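Every chain is named by a letter (A, B, C and D) in the order it is written, and numbering of its residues begins at 1.
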Amino acid sequence: MKTLGCDIGSLFSKAVLMDGENILASKIIETTGNIGVEIEPLIEEVCRQAGVSRFNLDGFVGTGSGAELLEDADFLEDEIACIAWAARCFLPEVELVVDIGGQSITSMLLNDEGEVIDFMRNDKCASGSGRFLEVMANALGVPVERIDEEASRAKRRVSISSQCGVFVESEVITHVNNGEPPQDIVAGLCDAVARIVTSQARRFGMGNRYTFTGGVAKVKTVVDLVCERMEGEYQPFPLDTRLAAAVGAALLAETE
Amino acid sequence: MEDPAELAGDILNTHLEEWRRGGGRIVGYTCVATPREIMDAAGILPYRIRALGKPERELADAHLSRFNCGFCRACLQLGLEGTYDFLDGLVENNGCDHLRGMFEDWVYAKRPGFFHYLRVPHIVSEVSLEFFAEELELFREALGRHFQVEITDASLKEAMERNNRTRESLRELFSLREGERPALTGRQALAVILLESSLPPAAFEEYLARFLEKSRGNEVKGYRARLLLAGSATDELELVGEIENVGGLVVCDALCYGTRAFWNLPRLAGDPIHALAEAYLKHLLCPRMFDDYHTRLDYILRAAERAKAEGAVLVYNKFCDLHGVENVRLRMDLEEAGIPVLVLEKEYGSGADLGRIRTRIQAFLERIGG
Amino acid sequence: MAEGSSATTRKGAEGLFERVESLVEVAMLLPHGMSDEEVEGLLRVLPPDTSRSMRALLCPRFRDVSLDFIKMLGGWVQELRRAKEEGRKVVLIPFNFPPEVVYIFRNAIPLTSEVMTTLGVSVLEGQGERYWDHAMGLGIPDYLCSSSTIELGSILTGRDFQPDIIVQSAPGACDANSKIHEFVSLHMGIPQVILEKPTEATSRGRELHRRYFLALIRRLEEMIGEELDEERMRGVLEEANRASDLYYELYDLRKFSPCPVPNIFSIFTYGTRFTRWGRPQATEMMRRMVELSRRRREEGAYPADEEVARCMWLYIGYYFDFLGFFNWMEERGITYLNDILSLCQPLHVDTTSRESMLAGLAEACFEYPMTRQIGGDSMSLSWIEEMCQFIRDLDANCAIYSGHHACKQTWSIINQVRREITKRTGTPVLCLQGDSWIRRMTPTSVLQEEISSFVDNVVARRKRTRARA
Amino acid sequence: MRFGGIDVGSLTAQAVVVENGKIAGSKSIGVKPNPVDSAETVLGMLLSDLGLRHQDISYIVSTGYGREQVQSRGLAHANVSEISCHGVGAFWLLPGVRTIIDIGGQDAKVIRMDTAGELKDFVMNDKCAAGTGRFLEVMCRTLGITLDELGTLSLKARHPVGLSSRCSIFCETEVLHYLQRGADKADIAASVNRAMAERVAALARRVGVEPDVTMSGGVAKNGAVKSELERILGVRMVPCPVDPQIVGALGAAILARKMGGEK
């Protein structure tokens, strides 16, 4: 059964074509003001990669903050439901999922059946989210993909006190001017993000099995630092964490 | 001798460690409405909980929120991460809403060995004084029961005498700031207060005597203006240091970690518990009290007058309801009395805020022509 | 202040109270049994903000009861004005002080600041923002409570209806509230009387409170210049007892599913309890709500196909959306069962003697909502216990905490409250964030999105599972 | 005698030289990573424009967030906070001015002056980027327009959209949301400017706004923010007779004249 899941996120849009639990193809593009016209090519590209005809799909589910732009979808599902579903399928024992996306951190609590029994989003301040990390990394000229590599060379962590993504940029610049090595600043940034994620995650009990999804979960340094401060058992999400919602959507397409 | 700010810069100092090694007990409290004498009389070291401007919050923020006072969040963080594990117990007060929350979270997450809730009324009246005296009696019993010591009136009196003696010395030290030639900085003064509630009484008494000796005849030079500092929980040595770095010498204060903590001495005659109740409740110079704003205003005006302060900085932690509102009125009244005022709302212990604090202090000094 | 000078606003009225007053004059004329066309016609001539709340209020499901409510509050506002003109004392009271304590005096009338704010925010063009801005201009911190700051901000302009006495009863239960009331007292030179509620709910704490309360009554007697009259007191309290009976009847009606009591009645309950209790108007209002709910129950009426969520609001609701929020939920099958304010659980006062009545009033103060929970030795303990009890009693399947950013006390312990409630009752709890009285903070759309997401993902899904099992 | 002022901000750095009670020249550049470099460069450029050497300037005052470093490296004789400098600069230009609204890249300040040109009171914004020039920059990036366009485009708006969030980062999402749904850029730009003005107006209320009012700092160049502020506060702004970005450096130069001895 070939199903398509599409997640129009706040910063990135993802499409995944799945056959059961196998990913046949996936693609991630930036969500811009133009996303409306870029969706169709994105879907076509994924279909082409997988060698499946756009019109031969067994199901198509949309999700994400821009989901209503997906006019062809069979139905739309809430992001929370999709992520939880994906987590449930790949990590049946997980009780807590923390999604660290572009603009928000969402913690979800799952019961034995993998249903969301409670969830919580971060407050009005975007600090700690992916965008925060991006802005900071930009200021340093280190692409997000290379954060781990940089941080691994750090001798210490520069302490970062701004929690605001906008101000942190100038704080980073100050550190650079003071001659702090970039890798130490990067390590400090990861620590700053990890602290914010930790307080979000710890709100939901501490002793459970947990996993991370979303873009920032790709940054191992951050994940490790959060795990250090958590008390439960960490179970890594086995796929690209950024795809979690899209994968969940594709899997849900199969159930209906 | 060691600079007080150096010694006070750590939560746990060598004297405390020694005290503990010798089998000494330590009980933590936060609010100045807690009569230290009762603990002292039981041979317990009363330690005033502080956060020293530490910025970490992540464990605390799983309980408290972004809308809570940063001081409370920082204290809770230290509690949860184990920095305060050396305490044998905690005393909670209904000081302010944020503190109440902090203690509740602390106790929820970590059961302290000894925990006592000391209820402090918000108004002064015959009825409330009677109640508070009863509360102190209950506190004495609870301490005695848990730590298996008898706190007699005699030992209480002894502790009161000792405390009064130290406070007299503290007064003397603080008056050295107020004169024409200030003998110590505000940062040092704050540090001394922090030491008072984090050293064994004997060690502090000795330290204070030496420091007092050294300070007489000392003169701080090179400042631009004499300032009064008043406001909410400020145990941040760095903040006062920053104010003084740009040239505003803090010559007097009305801070909770400052003169407010020791200005009033209990009388030694009569029933000790009643004397303590009166001293601690009647002279609780904190906006958590109601109906006595003018007492607080007078206290500040008198301090400013004594020390010839050229300006007043009213500082408060963001989200502090009590001081946030109180400062609005204080500002109006002080300005009317001819004292220029800077109201400094700040994030507790955030290094990122320091640059902005500097700018505001500097502009204020420029404004008052310092 | 150009925005305010619409056709319906009295000339020159600038303060919150006065502007509400001039709208009330018009509202009092609205007849029962208005047709939809008449309502539409009315909505067209009203200023846009006012029109939005009138639309919510005049919803056909409970139109006439809304009119009763408008008239009850309108009568209160007019009586306040009359009292002032006759030289009776206007006593400003906060959210946690029972109005009947003022009504027992012949020469006094209560002005509840929070209700005045809610009323202003609901019906005035531009809501309460200008008064908030005025307070900010004086330097009041922006994290203070908007419910008290808006009405008090208007008083602080010095150009609005002024109270004669301020009662302060939140020291120790809400710093934000008590501090701003004290500020107004100092700034405007209005004398204040303080009632402290001890945190301890033991006999010792209650005894202390009773003594504080008696001192308050003596102070009020002095300030109002009137000795308490036992017969008057009895009359007021018997009336209050009647309203209380009806309150519990309404409470019981909420147990039915689908819930026959419209969501908006929670705010009507709170509005009635906090302003008119002890007066026949309150009793009548409660009766009207009970009658309509009973009828709806007999008819099995419910605005949505299915009652998806039976939701207990652990704290307060959102009032800045011109009351539309309540109907929005209801039409989606989300029942707003009650919140901490509408769960006032009034006590029956023993009216045999002066002493028993005063004791009963002291008890009423002690057991007032919020005070009795958040003002306790533990802020969370009795809150959790009561909410669990209500959740079971009313068969709620979810709970929402509205996270008003000024209530630092509740924010500081919400984590354990949420955790304990879920643990003890299995009910999920959604924590929102927004200001209840100011629309600038969190827009309705965001709150609605969160609630929908919660109901769809957590509540509905769970309901389905339960049905399957 | 000639006096100089250097203002190193978060985004731009300026130098001004005054001579005989007149502005002899001014220069503005984008900041370099190091405030001292910025100061050196901008002053060097101005001096070479004027055909002067460093020692031709009798006294220099530095201001802006790099003020201390600039002084300690010997580029200035003294440093003064940017709050005083903006106040003094604006008052010197417009003696009737009592309120100055200065919005730069990192902060917004409202400054009150008395009739003698002395600093009377001031407020500075919270530690939140919403309500600063940075916010506008971030929004421009999202909208794909320049800072100049942000102000001008706004004038063409017909149906401004409702921007609610107070956080610049969340605001970005909202802006994206509107763009994705085909909203007109002019309408969004107008809303961004309005959101900005609302935040600054809230700040201004804290010290009260007494006429005459003027604006300084980079955001003063954004006409839409200015007119929104006028609308909300119910005042008319007196236009700043020079480039509003140089007001801080100008104030510093005026103060240099005072400190350096010329009356």
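Here is the rule we use: contacts are C-beta pairs under 8 Å (C-beta built on N, C-alpha and C of every residue); 3 or more make two chains touch, one makes a residue touch a chain.
Please read all numbers here as calculations on a predicted model, not as lab measurements.
K.L.:
Could you tell me which pair, A-D or B-D, is linked by more C-beta pairs in contact?
P.N.:
Result: the pair with more contacts is A-D.
K.L.:
Counting only C-alpha atoms to place each centre, which chain is farthest from chain B?
P.N.:
Ranked by distance of C-alpha centres from chain B, the top chain is A.
K.L.:
From the C-alpha centre of chain A to that of chain C, how far is it in Å?
P.N.:
41
K.L.:
Give, as an integer number of Å, the spacing between the C-alpha centres of chain D and chain C.
P.N.:
45
K.L.:
Could you tell me which residues belong to chain A and also touch two or more other chains?
P.N.:
Counting only residues that touch two or more other chains, chain A contributes 123-125, 162, 167, 203.
K.L.:
Give the residues of chain C touching no fewer than two other chains, as numbers and ranges.
P.N.:
Residue numbers touching two or more other chains: 139, 415, 442.
K.L.:
Can you list every residue of chain B that touches 2 or more other chains, as numbers and ranges?
P.N.:
62-63, 65, 350, 352-353 - these are the residues of chain B that touch more than one other chain.
K.L.:
In the complex, go through chain B and note every residue touching chain C.
P.N.:
On the chain B side, the touching residues are 62-65, 67-69, 72, 94, 96-98, 100-102, 104-105, 108, 117, 119, 121-123, 125, 127-128, 131, 134, 287-288, 290-291, 293, 318-319, 321-322, 324-329, 331, 343, 345.
K.L.:
Applying the document's contact rule, which stretches of chain A touch chain D when the two form their complex?
P.N.:
10, 31-36, 65-66, 69, 103, 124-126, 129, 131-132, 162, 164-167, 170, 173, 176-177
K.L.:
Could you list, by residue number, the parts of chain B that touch chain A in their complex?
P.N.:
Spelled out, the residues of chain B in touch with chain A are 55-63, 65-66, 350-353.
K.L.:
Show me the residue ranges of chain D that touch chain A in the complex, using the header's touch definition.
P.N.:
10, 33-35, 106, 127-129, 132, 134-135, 138, 142-144, 165-170, 172-173, 176-177, 179-182
K.L.:
What residues on chain B touch chain D, complex-wise?
P.N.:
347, 350, 352-353, 355-356, 359-360, 362-363, 366-367
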